[in-house]
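Next come two complexes built around chain A: one with chain B, the other with chain C.
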Partner chain A sequence: MRRILLSVPRIATVSAALLLLLVAVGANAAADMPDAALVQRGEYLAKAGDCVACHTAPKGQTFAGGLLLPTPLGPIVATNITPSKTHGIGNYSLAQFSDALRRGVRADGAHLYPAMPYTSYSKVTDDDTAALYAYFMQVVKPVDTSPPPTALPFPFNVRASMIVWNALFLDTKPFQSDPKQSAEWNRGAYLVNGLAHCSTCHTPRNLLMAEDGARALGGGDVGVWHAPNITSDANSGVGGWSVTELVGYLRDGHAAGKSQAAGPMAEAIDASLRHLDESDLRAMATYLHSVPPLRDAADTRPVFSWGAAGDDLASIRGVALPKDLNEMTGPQLFDAHCATCHQAQGQGSFDGGLPSLFNNTALGRVNTNNLVMVMLEGLHRHPDILMPGFAKDLSDRQIATLGSYLTQRYGNPNAQVTAGQVAMLRSGGASSNLVLLARAAMVAAVLLIVVVIGLWARRRRRVQA
Partner chain B sequence: MADTLSADFVVIGSGIIGSLTARKLALAGASVLILEAGPRVTRGELVARFRNSPRRSDWMSPYPPAAWAPHPVYQPKDNGYLVQAGPYPYPAEYIRQVGGTTWHWAAHAWRNVPNDFKIRSLYGVGVDWPITYEDLEPFYQEAEEIMGVSGAPNTGSPRTKPFPMQPVTEPYAMRRIRERLEPAYPVVSNTTARNSRSYDGRPACCGNNSCQPICPIDAQYHGGLSADAAVAAGARLIPDANVYQLEHDAQGRVTAALYYDPDKASHRVTGKTFIVAANGIESPRLLLLSTSDKFPQGLANSRDMVGRHLMDHPSTSLTFDAEEALWLGRGPQSPSSINTMRDGAFRSEHAPYRLDFTNISRVDGTSKSLVAAGVYGPELEKRLRHSVAHELNVKNVLEVLPLPEHRIALSDQKDAMGIPKPQAHYSIDDYTRRGHERSQADFKRIAELMGGTNLRFSKDGDFANNQHICGTLSMGKDPATSVCDGWGRAHDHENLFLASTGVLPTSATCNSTLNGLAVALRTAQHILSAQTSTPTPAATSAPGR
Partner chain C sequence: MSTSHSASVDNLVAPNPVRRGVLAGLLGAYAASLIPWALAQPVADSDQGAFLAVSAILVGRSALDAAATKRLYDALLANDASFSASTRTLLNLINERKIDPLQLQQLLDDEKSPLAAIPRVIVSAWLLGIVGSGERARCLAFETALNAVMVADVLKPPTYAYGTYGSWAGKPG
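On to the complex of A and B.
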């Protein structure tokens, strides 16, 4: 008893000391230690936003920038967004980070080009912005190097021009949930229109390179690739896909009898979408099913529904190859380059590991750029080559012959591939006349002003006279 | 403009060895010209010809010989290009086109075992190499990393660095063979240049099972890729350039290569160093053709050694029906083997060997034999199904000793260009026959362990050929018994190097490609490190440049 009594003050002392220690540790944790849940959430959101896709150069250090984003105006260089105090965003406050993310304004007040999808990120909530900030500041490793700055031609090198552009096209309203819709739908809308920035590629752009809201998710072009219509339209969009198929596609990059991801979408799945929770992917699919349908008049039936198994072997067996291989027929080229994997009748492998060529959107769309790009570059899913590219093996004419044969035999017979199209895509896409247009517009504006001033002066003289 | 070409290095032959030697020299900044007798080809046309061929099991059917640079073909009938002097036929197959013979191979990329380099000292047979396994080890690795090689770790060839990748997934049939043969025989993955993962821009093997005659997706490494790599490194490649003569100066230095284009117009190419890499038959042929007053027996041949010591790997085999359905044909054609008989004291008595399991689909061969036997209707389907599921084949790969009477010589007959054809003098000696006899016990034991019935041994006295041509340009320390030194330099000519499986002085028990390539990369390294002055840039002038 005595011992116990005696020990009471000792317990109290020890407890007080422990409490002090805990408080001290707690205070330290708040100041120095990352809040595990917050940064983990930030990391997840950074994946949802696919920041790494643009802000990491091939074989470069993560988030250290350097990737050249091809735009019709010239390449825009992604910047270092590591917390380096000298070369990155290490000195950014949360407010400055938020302005860059959601308003397209750097800490020094200069404007970002909308290659940074801040028009989508403007929908990100304050909480999520704080989580992203915590992740970038506390977990991302600082890298003390800078890529060369972006150098667009005049007049686009005047970043202040973005003030006007933002006034026209930046919607700064944060995401508003729709109480009439389910929580799942709202979550999907938040992700699709916010961090996942689907519209950046899938919404066509107007003359001034802004997303055309009237045609939201109706299909756009990303350099040489076409980002197809993902509205709820049954023919042109994903209205005919089940939610399960959409979720599987976003997670695995393919849906049997529908489509497979290649090019930039394969990258988006590798770096971003496949890391998202199943519930988030379901939410996105649910929302996409409600996006107002937009139809391309050429899509007289679902783009995944064209074609059937078949072959033209009878036309080529026993026939020698032409001396000039550019003269090879579609069936000959198919036999040489496609049939080994996609099988003699285009049916793919029995387990779906190699897709069928019929019931495949790559051959069902009138826009055949993606078909050509896959033939040229193949299909890459990091770190695997799922389909080798044929840029080295096939001439423009051979790809045109083969591509047109494939759409006739297994896809939309109205879809064509031309040698000129292949040459254009092989060389990196159509050149833009936007720079010329902008300069012409400026000259026209100056002329207009001169004319107006002239007229005004004449009138004044008349009045004076 | 005058049609004269010149370079620091003139490489004759664009196969895997010539091209990768050229690549290594070009990467070091040298000007390199590759002369290839045959035409350029694309993988697509080869695949198209294969798929369009009525002779799917004739691996040469997609590779018709060029009129101006023929190679031997035996189906539908022998084109008579490789003349047989006997007493035993040597029906070698090889391909004269850009990229050479490895367009069709099983991609076996074995290293020798260390004792293969000293069988004279250890076992009293054959000859010792002028170099050791340790000399070659870094160059094995270099070649393996270029090609993307994988294999089992326990096949007797020690490594200082790991394989660049894991083996391709073991096919079901090979798994069952491995399981049923344990512990009597360890069945292991073959060492092959076949991707198990995406590597160097090429996809992983997906089991098309047409490695021979052509991998349709480049999952398997081949010389066409080597030729592309050489060109990418800055070498200039001239196809359709059939070299028929090397010229020399008064000191015996080689000064020029003369070649015919397809119209038999002659062209002259000068260079500082010449590397003959035209395989184990065409290389000695070219040296023998290059006669002059000073060298009446041809170049590198003052001791009459060029073309001698011809070796390959003869095989006998056993075909049988396994107890269980195994369905050969899934995965690569040649995935697994037994390597326990590659070395041992027995080598003083009989040939060592590897035991190789085929995984080639039985559909084509079985269909042909059943149809030929007049089987049709439901019986055909029943028997076809049974055979295709159950049939197995195991073969030995036997070492051949270097004998001077086995040789490639010039024939009296001439090819379409009026150049003497190569002529083979060959036989199977008792050492190799005793190896074959010893292996029959293994065949029987393997069949027994697989519950085999309907055992069909290859016809007694028949040895199939494996197209691993070596020995004809043997390297050695003694110029009286060899053609070149351990660096591949011709004993008789200071600036003439030989890069080919022909330089391998013994055949050992494994496919010759990796060994020939490693020796050639070592030759290239030697040439580069021996160079004191910096190479001059290409001084070429030719139409179209």
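On to the complex of A and C.
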């Protein structure tokens, strides 16, 4: 679900203090609700929206911004969304709050970058927006500091360009429930497509960095991580998961014999999903089961179904390690670094506390970025470390050898890890040519105009002559 | 490939009348009474057969993994060129003198027999997985060494993870 890295928010604020427009449009239906209940609902909704994930820097003050969200264009800085009147959104009216949340327009009229998932938040109802507003204004503690402003390279520093982008990609239609579906399904659709903003990560993006609606929830890349396919497809998606397994995964971050959350998804579960009511998680799972299936041709069987217990101990016992440890075989690396926890045959710990390596989507997908990232960084769930990282212990080549061995032995044998891939992920991901492309396109456009003017002038001279 | 602690029996190759006959021919009546199952166990040749028979008598198990038998035999032979001849002599000795396996080592030691070292290296190989000593020591089995297999209902080397990662740091309940 949600954000971080390339996706990510960047809510309103920043120089919001400039604005004195206190439009004070009172609440509508939400006005009927007693304040305490309204604020409480707002807090729950803020968790569902996982605002904290981006708007709180590591070890920073809650909602005070400062997290750098790496995008292919450069870092976007999440802003202070506390009700500080000088540095936050303290002077925002409900209408301004709503525009920032659902239209990507901050109080001074400037446009937010779509790292802030306002394309999803546009589905949030008026009532829920009012509840969120009440929570942020009445409960969140104001913090009078601002992170440095976002400074993307030209031409992306021209925020007005977002007007064109929004015209193309922002669907301002509010959520419409489908009377043919159950109330549970509709609740799930509202959460998945709205506040939980699952598509921000799980839907691939087009050249202009907008979500590709034709491949909704079909799997996207989020910086160095891959947000997998969560459509209802039985092989590539979650069609083979039961609702109970999905609910357990969203709440606990793992499902036995299926998968475990790592990276941005682990954060989403820690900060957001595990706080949601069971009924809401069940609704989301029910809706996900109905998302049109999309299949990756490489997934010839369910990605969680590959592999079986086994070992290659006979190839390593009694055999000396190579002098150059980069030459170690996959079974040797597994023996040295994995087997003490995942056990000799990859079967995981007896009480189920550590997952098996077979029947595990981590080794069943052809995209092995997440596998590499987990080997490098480990798996962290606040406040626990579920698996240590090996970035300092293993070289790129060792991780490539080990990763490819693991997929051959316990996962999808077509999945490979290369040393180049490990080096790229270790250094923070593939570099982007978007800035260069945009500038080249502008130069080309200027040249074209010059040529057209030149031709036109020459023709005019000829006509005059 | 694919040996599990408890799957040693599964790893035995399919019975082959000729190879099965090799072992039967090696065992005298007394040795055969100690390990009656071994009559049905196929072996590659008579030298390995003698090793398998002595191994079975010494470690007291009703089946031994065929791949492990070969690996340990090859390693022991590489360490000591007279190993196979000594083992055959030992098997004959056990059979002829009807030696109780539990008394074997004591008897050889008392008699200062040149064969006294043989039961020790065979038992070390099967139980510890180690062949040779000092700088020449090689660990040929760890997870599948019999000392681990015998307690595999509780201990599962190489893991010390009996719960989640880090659970070993907590106080036992």
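Everything that follows uses one rule, which is that the second predicted complex is superposed on the first by the 412 of 465 C-alpha atoms of A that agree within 3 Å, B and C clash if a C-alpha of one lies under 4 Å from a C-alpha of the other, contacts with A are read in each partner's own complex, and residues count from 1 in each chain.
The rule is simple: contacts are C-beta pairs under 8 Å (C-beta built on N, C-alpha and C of every residue); 3 or more make two chains touch, one makes a residue touch a chain.
If you're wondering where the values come from, they're calculated on a predicted model, not measured in any experiment.
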item: Fit-or-clash call for chain B and chain C when the two complexes are aligned on chain A; value: clash
item: Touching partner for A:Asp351 - first (chain B), second (chain C), both, neither; value: second
item: Which of chain B and chain C A:Gln343 touches, first, second, both or neither; value: second
item: Contacts of A:Leu321 with chain B and chain C, given as first, second, both or neither; value: first
item: Partner chain in contact with A:Leu394 - chain B first, chain C second, else both or neither; value: first
item: Touching partner for A:Ala309 - first (chain B), second (chain C), both, neither; value: second
item: First (chain B), second (chain C), both or neither touched by A:Val238; value: neither
item: 145-153, 199-207 or 397-405: stretch of chain B that collides with chain C; value: 199-207
item: Touching both chain C and chain B, counted on chain A across the two superposed complexes; value: 317-318, 335, 339-341, 354, 384-388
item: Interface residues, chain A side, partner chain C - complex; value: 309-314, 317-318, 335, 339-341, 343-345, 349-351, 353-354, 384-388
item: Contact set on chain C toward chain A in their complex; value: 1-4, 67, 71, 75, 129, 131, 138-144, 156-167
item: In the complex with chain A, residue positions of chain B that touch it; value: 42-45, 47-49, 51-52, 197-198, 201-204, 206, 208, 210, 216-218, 228
item: Partner chain B, residues of chain A touching it in the complex; value: 316-319, 321, 325, 328, 332-333, 335-337, 339-341, 354, 378, 383-388, 390, 392-394
